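A, B and C are the chain letters, set down in written order, and residue numbers restart from 1 in every chain.
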Amino acid sequence: MSIVRGTSEDMKQSCGSLHPLDKAAFPEPEPLCIFGTGDLGRSLGLRLLQSGYRVVYGSRRPHSCSPLPQGAEVMTHAQAAQSANLIFICVHREHYDFMKTMEHHLIGKVLVDLSNNLKKDIYPEANAVYLQRLLPEASVVKGLNTLSAWALQNGLLAGKQVYLCGESGEAKYAVSQMATKLGLTVLDKGSLSAARELEDFPLKLFPEWRLPLSIAVGITAFFFFYLFIRDVIYAYVEEKTEISYRIMVSLANKVFPIVALIMLSLCYLPGVIAAFFQLYRGTKYRRFPNWLDCWMLCRKQMGLVALGYAFLHAIYTFIIPIRYAFRHKFISEVVDEIKNNNITPFYFDNTKAWGADSFLSLGILGFFLFILLGLTSLPSVGGSLSWREFSFIQSKLGHLTLFICTAHGYIYGWNKFLLPSNYKWYTPPGYMLCLIVPSVVLVLKLLLLLPCVDRTLTRIRQGWERSQPKEEMVEIKATNL
Amino acid sequence: MSIVRGTSEDMKQSCGSLHPLDKAAFPEPEPLCIFGTGDLGRSLGLRLLQSGYRVVYGSRRPHSCSPLPQGAEVMTHAQAAQSANLIFICVHREHYDFMKTMEHHLIGKVLVDLSNNLKKDIYPEANAVYLQRLLPEASVVKGLNTLSAWALQNGLLAGKQVYLCGESGEAKYAVSQMATKLGLTVLDKGSLSAARELEDFPLKLFPEWRLPLSIAVGITAFFFFYLFIRDVIYAYVEEKTEISYRIMVSLANKVFPIVALIMLSLCYLPGVIAAFFQLYRGTKYRRFPNWLDCWMLCRKQMGLVALGYAFLHAIYTFIIPIRYAFRHKFISEVVDEIKNNNITPFYFDNTKAWGADSFLSLGILGFFLFILLGLTSLPSVGGSLSWREFSFIQSKLGHLTLFICTAHGYIYGWNKFLLPSNYKWYTPPGYMLCLIVPSVVLVLKLLLLLPCVDRTLTRIRQGWERSQPKEEMVEIKATNL
Amino acid sequence: MSIVRGTSEDMKQSCGSLHPLDKAAFPEPEPLCIFGTGDLGRSLGLRLLQSGYRVVYGSRRPHSCSPLPQGAEVMTHAQAAQSANLIFICVHREHYDFMKTMEHHLIGKVLVDLSNNLKKDIYPEANAVYLQRLLPEASVVKGLNTLSAWALQNGLLAGKQVYLCGESGEAKYAVSQMATKLGLTVLDKGSLSAARELEDFPLKLFPEWRLPLSIAVGITAFFFFYLFIRDVIYAYVEEKTEISYRIMVSLANKVFPIVALIMLSLCYLPGVIAAFFQLYRGTKYRRFPNWLDCWMLCRKQMGLVALGYAFLHAIYTFIIPIRYAFRHKFISEVVDEIKNNNITPFYFDNTKAWGADSFLSLGILGFFLFILLGLTSLPSVGGSLSWREFSFIQSKLGHLTLFICTAHGYIYGWNKFLLPSNYKWYTPPGYMLCLIVPSVVLVLKLLLLLPCVDRTLTRIRQGWERSQPKEEMVEIKATNL
């Protein structure tokens, strides 16, 4: 019996038969073997049975093991190994030794190592490498270890990408055939030396979110203390008033928009810097410095963190009027108005109304565009866009959002920029500080949009190079898509 | 001509030819036959043509049938049946009889039954079983019936999961090959006895949402009447004031957060109960009682229902200040303040400001985390997370959300718990009742986090068992992933 | 060496070998050739290497080209062409000529043309057609040109749909085999005459959003000017007050809900019109007029545009109480109240409270349902619904949303419809105009729900036809699904 028995029969029929199907010629389902009857083993078996395979479990005590999926057979490890050519190893690494004792049954078999470790770097070599060293005459394939028992059991596999690696191309081919039948998309990561990388995949915890989140937390902490000192401490020291209650809402609602705006501009800054690099170097064929590459790779996460802050800012704004402090201040205002006993109804400032309403409108519009940007970064939405649509939204709409949000910030401070009372203890207010980065990004972007600069940049991005030793080179580069 | 003609030619070339392609050796497209020229038949034909098949329709009056996709041929049923080996039955079950009359043309053919019924259980046996009984010498395969004409026409098939069942493995193989070419992921559900299950799939209407929605509606109704009696009826009877207008917003905005909080805690309760079951039994290898299994399976839906209620609560809160009643009360407050003619400006209570702002902040933070939880339950977002990331969000972040929302509830009532005026007609206010379940869940979860309990639980979940008759068993269990 | 060398070896093993795998029998990876070392060429090569192919680049100066993915070989064009049978052309159309000079190396090869143009219609014939004319003895396949270098590099291919076209079925088969291995879903668009269509795909910029957006912009502009004249100009002319500041928030918040409601009803109108067409014609087998087809195809986009407007309306409403104008008006109200010095506390109008709260509640509920509708139109959410669930949400829930939002509009104007002061300059207010279309849609839908009409419509949709020349026809039609 061979690993490809089931398939080979299908093939023969496909190749040879020109006569109609007759029931005698059933292709017998291919047998697969699973070592280990834990959660993963059972879920995998269930899935394989559902996809039309025959499943044989290898167990040390075939007669007393936990309940297995209906239709599966249980044998001793040796028997099970003999009955199939593809063997899934759903056993902890610490127990691999037992396979050494039955080495002769495993010669030439394909062993799929699905194991994961609980932590990184607890063993000197990857589990699969260890297994291959243990059984040099079997073909070890590392892979499918990113699938959880839960996903297997609930059939959430369709279109999921899994990785394989292993020394034997034939063995990887057999496993990838099986995986394709399960609805998975297989990616070959090369030889077993990639096994450690594969084993580290399930241990990842938002690696690409670390940098953006650290930056956001850093900026948040800085502005929180800055504003805490300027607002609460200053009021306590200079005006002897205790307004610490402001920390919860007022201060938070000052810090959140500041961080959102800075993070949004940090998300568009690397693109601008990269363009200037290309302009300066006159070619797109030299790699960017490492820090810029890292920065560019986490732009999406930065934008989403900024959106989170903007969302909090929006909600904090909505609930302002139901705050106790707001209502109190409002009532005091009215009472003062009455007490002063003005005869004419108090003055309505048209300019102030325009300013305040423009401020709010720009904020709302910016938030709306921001949410649109966020929606297109959902995998399923972004995936349905054409390349031109995606770049239109992320570049044009993104810069428009940044512009509107920056304008929102400027209007907030429009008549306060030159007010000396604003510079408590000689420090500028928070909204001024937060406008620096976005203003720089917008000015640089504007420079890049100047016709002469834009033309050069477009040519560079199409492969043109400024300083070319040979004329032919230009031609070659310009040739390629 | 055989069902696998097209494929077989591809195969032969693949197997044999080492010479470059020459145009004379075109693989002729495989012909497929469709009985029925309705919406489904036409859309399926269109799709098959687009995927490179030749499509032949079988029709009773080949010359006068409705417009068919370009490139398809129309013949009589008998002729069409002869020209292909795979026949799609896109005809209502009531009309299957005509196939009996042409039985000899269908011997050995694969009949794919795509039919659905309008209701459950209107026939004693599944359509496909009936068809197989009618034509015992054909190979009936039930399947693809979950595809709608609309999805077929608009090419929304990529990655979709479809089910097949049938007696003949070879027939199922042929159909699954075809389905894979259409971009579908095929799942074999076994023999024709599964046909009824497959025919019931498209009739499903949110089966997994029924229980959570019923519970939510039940809790909503209970608290609505409870609060209606306590607030509106009480005011009418004891204070002779008519405040029925409060039903629309005030009452709703009391009921919604209550239901949201209870549903959220019900979503984390079964996990805690399951952990205690495992601790008590000392093993993870015994099945949970049925009710717990059901409960655990609908946790996601419960959470999403809770999120819906929380969302409504948020919006109801945002519009409070533009309500007529709020503005009226506010004006009365000011007028009273003036009338009492206090000389000192009225007192600002710092503790009250802290309390109110903390209350709002916790609510906002809880809502924000809740929305994050909801986003990760979107299939496309959840699918892109690693297992560790998913469990981090659903477990750690989930319990944090529950904690924050519960704290939000406690602060709401912080100084009212001991106020006798709160216990109208000796009933506790709604927010007290709603804090019971989340508090219990949080206390139990806290118990599970105690180091000694946590260690035992982790060992149990890794396969360890407390009361083991034989030592070896431990070893076996601990072996498996 | 032939195009299917790698595969053919796999096949032979699959077909023949019944002996276990031995390492000597490695299937040598299939070599693929890429002309062009630009971004696309490099990303494609990287992906092919990861999927287990051998990649050979053809370059004019193999020794001095830009960095290529690790593991790829670089040769001259002629050498590279000889080493593989599948050649990817990642070169700008303007440079296709060089292939003419090496025509004899390309005889019988499959050339996959991945090129795109920068604009539509800049060349008289499609790039792929031009290439085929240039090299009549090669098999040109147009395709994969919708993949971006970026998506290739980041492995975002799983489940993506790509199109192929070409004259040679065999060549298309070879390309589609390769594409399937990359995780793509392939759709055959027929002969090379479809190449222009394929080349236009990546140039599309939201084609299906154009009509809905134009309609929305048109309605917005109309109502903006209408309300601008009625509110601002009227006040200026007749009452000599300058209230232009209202443009930013008040006016916007009148226009947005109007457009949202009209767009929502326009999204359900075509379905109703189609039903009346079918009722009038007595059959579903005649095509709808073209304008109705277009309209029905952009319903989803119309609904989403309406949701965008509704979202803006909601946020504009939330921030009303923090507007300067609102606070000013509020304070004036209080001051007036005090000045008039009423002895009894000012009157609380119960009916008004009921009306205002119902108005708000209906708005919130409508918005909530609207968001649910929007969520189900996310590709990943909609894809996980059964057909019955999807139609339940889009039809039942959709009409309910329309009904609630329309009721929201009616309550807004409940006691103002007959107020003469509302008809400034003899024009009706905006909310009256905007209620016309939704009311018509709801009345027509109600007519369709009458039992007698509903029964006829259901029969028509199941294939029944009213005026049938022959009895048999009825039967045939009713037969098909």
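General observations
The definition used in the following text is that a residue touches a chain if its C-beta (ideal position, glycine included) is under 8 Å from a C-beta of that chain, and two chains touch if they have at least 3 such contacts.
As the structure is a prediction and not an experimental result, all values here were calculated from the model.
Relative orientation of subunit A with respect to subunit C corresponds to a rotation of 120°, obtained by superposing CA atoms and rounded to a multiple of 5.
Homomeric contact subunit B/subunit C: same residue numbering on both sides for under half of the interface positions. A straight line joining the Cα centres of subunit B and subunit C is 23 Å long. Each of the following residues of subunit C touches two or more other chains: 11, 15, 158-160, 318, 321, 330, 334, 338, 378-380, 383.
Note for the complex: subunit B touches subunit C at residues 10-11, 13-23, 25-29, 36-41, 50-52, 59-61, 64-67, 90-92, 95, 114-116, 146, 148, 150-151, 155-160, 183, 201-206, 242, 244-249, 252, 308, 311-312, 315-316, 318-319, 321-325, 327-328, 330-332, 334-336, 338, 378-380, 383.
The touching residues of subunit A, counted against subunit C in their complex, run 1-5, 7-8, 11-12, 15, 85, 107-110, 139, 158-161, 167-174, 185-189, 285, 314, 317-318, 320-321, 330, 333-334, 337-338, 345-346, 348-350, 352-354, 356-358, 360-361, 364, 367-368, 371-372, 378-381, 383-384, 386-389, 392, 463, 472-473, 476-481.
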